[in-house]
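Each of the next two complexes has subunit A plus one other chain: subunit B in the first, subunit C in the second.
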Partner chain A sequence: MVRFIIVRVLGAIVVVWIVSVVTFLIFQLGPTLTHTSPVYYYVGKIPPTAEGLKLLTDRFGFNLPLYAQYWHFLSGILFGQSITDGVSAPIPCPSPCFGYSFRQNELVGNMLLQAAPVSISLAAGAAILWLIGGVTVGTISALRPGSVIDRIGMTGSLAAVSLPIFFTGPILLLIFEYQLGWLPDVAYAPISQDPLQWLKSMILPWIALAFLFAALYARLTRSNMLETMGEDYIRTARAKGLSQRTVVLKHGLRAALTPIVTIFGIDVGTLIGTTVITETVFNLRGLGFLSIQSIQNEDLPVIMGVTIVAAVALVIANLIVDILYAVIDPRVTV
Partner chain B sequence: MSITSVSTSPVASETDDQPFLRVKDLRVHFKTDDGIVKSVDGLTFDLKRGEILGIVGESGSGKSVTSQAIMGLHKNSNARITGEIWLDGKELVGASEEEVRQMRGSEMGMIFQDPLSALHPFYTVGAQISEAFMVHNKVSKKEARAQTVEMLKKVGIPNAADRYGDYPHQFSGGMRQRAMIAMALICQPKLLIADEPTTALDVTVQAQILELIKSLHEELNSAVILITHDLGVVAETCDKVLVMYGGQCVEKGLVDDLFYAPEMPYTWGLLRSMPRMDRDRQSRLLPIPGQPPSLINIPKGCVFNTRCPFSDRVEGGQCFTKHPELLDTAPNHEVRCHIPSEERREILRTEILPTL
Partner chain C sequence: MSLPKGELEVVGESEQVALDSSEQGPRSIAGRSLWAIAWRRLRRNKAALVSGVIIIILVIVAVFAGVLTNLYGHSYLTQHNTAPNSLLDPATNMPLGAFGGISSTHWLGVTPVLGQDILSMLMFGARSSLIIASLSTALSLLLGVSLGLIAGYFRGWADTVISRTMDVLLSFPTLLLSISLITVVSFITTSLLVRFCVIIFVLGFFGFPYIGRIVRGQVLSIREKEFVDAARSLGASNGWIMAKEIIPNVIGPILVYTTLTIPNYMLGEAGLSYLGVGLNPPTASWGQMLSDAGNYFQIDPMYLFLPGLAIFISVMAFNIFGDGLRDALDPKSTR
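This part shows the complex of A and B:
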């Protein structure tokens, strides 16, 4: 088991490294190929003079060979560096240093650090909601296929899948914030500072996001469960004289949920960094919002930072799923 | 006919009038979009403790459906079950799901064809057997474990205590079937139903498994229903045989009668298609031509009429118009065929036996 975990962790590190190389190449090389210097994306919105351009190219090392530039980028992330414009005092940028956003006048790391907890809160909370909701609806539907409950559940989930968040989100806001006034507009607060306000600011986004995914999971659980309940080992469990409850929950659901774990991990991992619409609708400043903002501003260092963080989140989620899978499915060789 | 309440006879002891297991006019019909599938249509048989009954027939003849009906595994499905099943004085067809559930595992145990798919892949073999014990016995996990290890030893699993924590995929096929037997018998049920227990196994292991079933059957003095399509297994193991075709019993008798004096053309066909050591190796096996009937449109008259080579010997084409009754031809030997008994024996002697 230890060996299995070590191998998987090493594999994940390699993947992250490849992601960093690809990200670096796309974002550094892209401007070069279009014959504009990356410098333009590293300074404020006013284009630099020819002299300034040369100065900055030297300072940031854009005339160095690619591997040297990559090493500079990587060593910044790994060991930190200090950033200076050559005039004011150097800004220390501790590891992991993703560089400096001259458009926002802030360290990229700080911006990520502010945005990431919002996205993680959003994804994690919604994930718990949709997992519980989706699996419950799916299981109940599967136990009585074709019944009224099944039809309501599956029609409802079809509707939920079809409704985009920019529809359900405003509807939720309209009902709970403006009509009922149950959840007045509150700003996001970190859970460590004010858990209640954190909860209040998160609950509607969670519901909106979970609604969409719960529908997918309900359908997935239903089809897995239907298949599992037809398996021979379910017949064996019934032949032993187990109660219907034990047969369904211990023997049926256990097997039906195993493939769902994989999808769940990847879904949650993907969501961190891609909940742009939800964040926009509910005015949350998460990674999705940050990525949109930085794309609009052509803020290259921030785009690179968000890309890498989102990729790392997905890789970690995958790693957890892999390890978890070996625990829940004994047939996976460890 | 359907019985709506559970009747328990005051004395559950066994007599000829009240055998341990009595199945009477059992019908299991499934309603589907294409029509009603009559998987089992009017099956009647008795079984005493200490006896082994073999049910033979080809795929789709209703063997497994019968066994699952006895276990009550069709409850809460779209099956419509009528008739009577009496087990040790209790009627099961009309009993509630909960009543039958209590009896599953404790009064009647079942083993299935493919032990790999019949065992849950995510739980250890030991845990699955202990679970079967704990449903019916209020004991601690530790006691159940001890009991399970004992049972695993009894079914011949070496290092039982160590293998307790193994998963099904870590067992060999024969071991898995042994574990299934251990699971079915851990509560010492008096009825064991084995649904093709050796079909998925290596030939070298088949005999061991049959031997194990036989010895445990003797030890527990239980009644056993052995479902198979392997006539060799029947000859080796069973006391009585019931031949099923198209959801009906076409011939029923003691094992010697069925092998030495079979009277139903379908049974002849089965025997002729069985390879034998003592037969000339150049001679070909004779398969039964044609396909089993659709259980949605069961043919009028005899169920076997489309494939029976002797249907032209019956006057007036009765085979195609009148459903033959299951009638005694000798003590403990019943046959469902329009050909008169004497004529059947004549055909057997002159036409069938020489080709066996």
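This part shows the complex of A and C:
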């Protein structure tokens, strides 16, 4: 088991490292192809004089060989660095340091810390909703295959998969915010400060996001459950005289849910940092919003930071799922 | 289409016999290919057939978008926002008339602010959507099928390299990387062709591991079958076995996956365009229309509903058709 965990952790570190290389190449190498100095994508303007440009090029290290630039980027994240523009006092940036946004005059790390709770709230709340909703619908459908309930559930879920959030989101807003006026002021507030406002700001994004995922989970639960309910041990459980409730919940659902747990972990991990569309629709200032905003502002240090944080979240989720799976399922060779 | 070997399954045939006897009276038992059986089953699935018709209409609209809008008489590029031809309320810049300016000349109304015809914009949006979805699906298929085939057939180090690469790709935050890649390329060139290519590349490339895994798994099991051993003992080369024995047997899952990938990539293109990193005006795109509609939907909800419905109907049609195809090709299916 220890060996299994060590191998998986090492694998995860390699993936994060590859992501950091790719992110670096896209952003540090990409701009050099544009015949504009990468300085532009850091500070937002090209200094008017050649000396000024050279000064900044030297300061950011854009004249160094690529591997040295990459090391500067990586060592900043790993060991921290201090950021200086040569005029004001240097800004300490402890590890993990993702650099400094000269557009926003803020450490990228601080911007990430501000945005992360919004994204985590969104992903966590929606995940609870879709897990409950999807598994319930899927189970009920599987117990009565071909029935009216099954058909409604499965057609509904097929429809839900086909509806993009940037269509359902505005419709939810149109109904609940503008027509019914139930949620007039939906500015985000941290849960620690104002739980009620937090709930109000999150409820519609949760529904929009959960609607989509619940549909996927309902379909998955249904097919797994149908397969499980045909197994011999279910017949044995029935033959023992157990109630339908016990057979379904204790024997059927338990086996049918194992693969779903895997996908659930990965989905939640993916969502942190990549709910760009949901955050844009509902104007939530999370990591996804931060990434699209910094792309529009051409603020490269920020988008590099968001990409790496999102990758780390996804890799950690994968890792947890792998290890949990090995613990739950004895067939996994450890 | 060559006949898939070893897949003349018993369930389908006996079912076929029963059907034939009820429909056309008794007749001798004939071996039918998987395709004939699948087509019979698909024909009995009304929802899938209706979806198939919708898909065909969609493709016709996309291919002949130029001809159709000429017949209809309005290019979506024409702006009706200046007097005396303005179709907009000068005070609010919103379409005049009920339901977003629906009239006998502009069947689905016009857009706010610019006053462009929505119907012809939707038709050209269908074209953008289908071009990107089909070409990126083709890219995913090309990469996924060839790499999955190599990994599953040769196993060993090739399998290790390919499978690990796919694992790494699946744990990338691909949406962020796609957005970033498109943005960086847009710094370099603003060419529309390049834009299309980049969108096709990010959707197709980041999506190929899903099909690659499916193909690899199928090939792993098929290569152990007796008919492959038989071919090998007759001296068939690896290339011949892959082309004649293995590919025909993975066509089914690939076909199903294709019909389910196209709608995904349609949503992908719409999502990127919604975020402003896909297709930008003047190129028509449903996602871009929804993004624009997001600014006015309190006053002009029609502009939101129309492209939303276009996406919904098209994607749903592909999904239902893909589901029907899967049921039809699945020997265990009771349909």
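Assorted remarks:
By our rule, the second predicted complex is superposed on the first by the 321 of 334 C-alpha atoms of A that agree within 3 Å, B and C clash if a C-alpha of one lies under 4 Å from a C-alpha of the other, contacts with A are read in each partner's own complex, and residues count from 1 in each chain.
Everything that follows uses one rule, which is that a residue touches a chain if its C-beta (ideal position, glycine included) is under 8 Å from a C-beta of that chain, and two chains touch if they have at least 3 such contacts.
Note that the structure is predicted; figures quoted are calculated from it, not measured.
After superposition on subunit A, the partners subunit B and subunit C are accommodated together without colliding. In the overlay built on the shared chain, the residue A:13 is in contact with neither subunit B nor subunit C. Centres of mass aside, this uses C-alpha centres: at subunit A, the angle toward subunit B and subunit C in the superposed model is 70 degrees, to the nearest 10.
In the superposed model, A:162 lies in contact with subunit C only, and not with subunit B. In the superposition on chain A, A:236 makes contact with subunit B only, while subunit C stays out of contact range.
In the superposition on chain A, A:311 makes contact with subunit C only, not with subunit B.
Comparing subunit B with subunit C, more residues of subunit A are touched by C.
Between subunit B and subunit C, the shortest distance over C-alpha atoms in the superposed arrangement works out to 6 Å.
Once the two complexes are overlaid on chain A, none of the subunit A residues touched by subunit B in the first is touched by subunit C in the second.
Contact residues of subunit C toward subunit A in the complex are 168, 171-173, 175-177, 179-181, 183-185, 187-188, 263, 267, 270-271, 274-277, 287, 290-291, 293-294, 297-298, 301, 304, 307-308, 311-312, 315-316, 319-320, 323. For subunit A in complex with subunit B, the residues that touch the partner chain are 231-233, 235-244, 251, 254-255, 258, 328-331. Across the interface of their complex, subunit A is touched by residues 68, 71, 73, 76, 97, 101-106, 109-110, 112, 114, 117-122, 131-132, 135-136, 167, 169, 180, 183-184 of subunit B.
Across the complex, subunit A meets subunit C through its residues 15, 18-19, 22-23, 26-27, 30-31, 33-34, 36, 158-159, 161-164, 166-167, 170-171, 173-174, 178, 270, 273-274, 276-277, 280-281, 291-292, 295-296, 298, 303, 306-307, 310-311, 314-315, 318.
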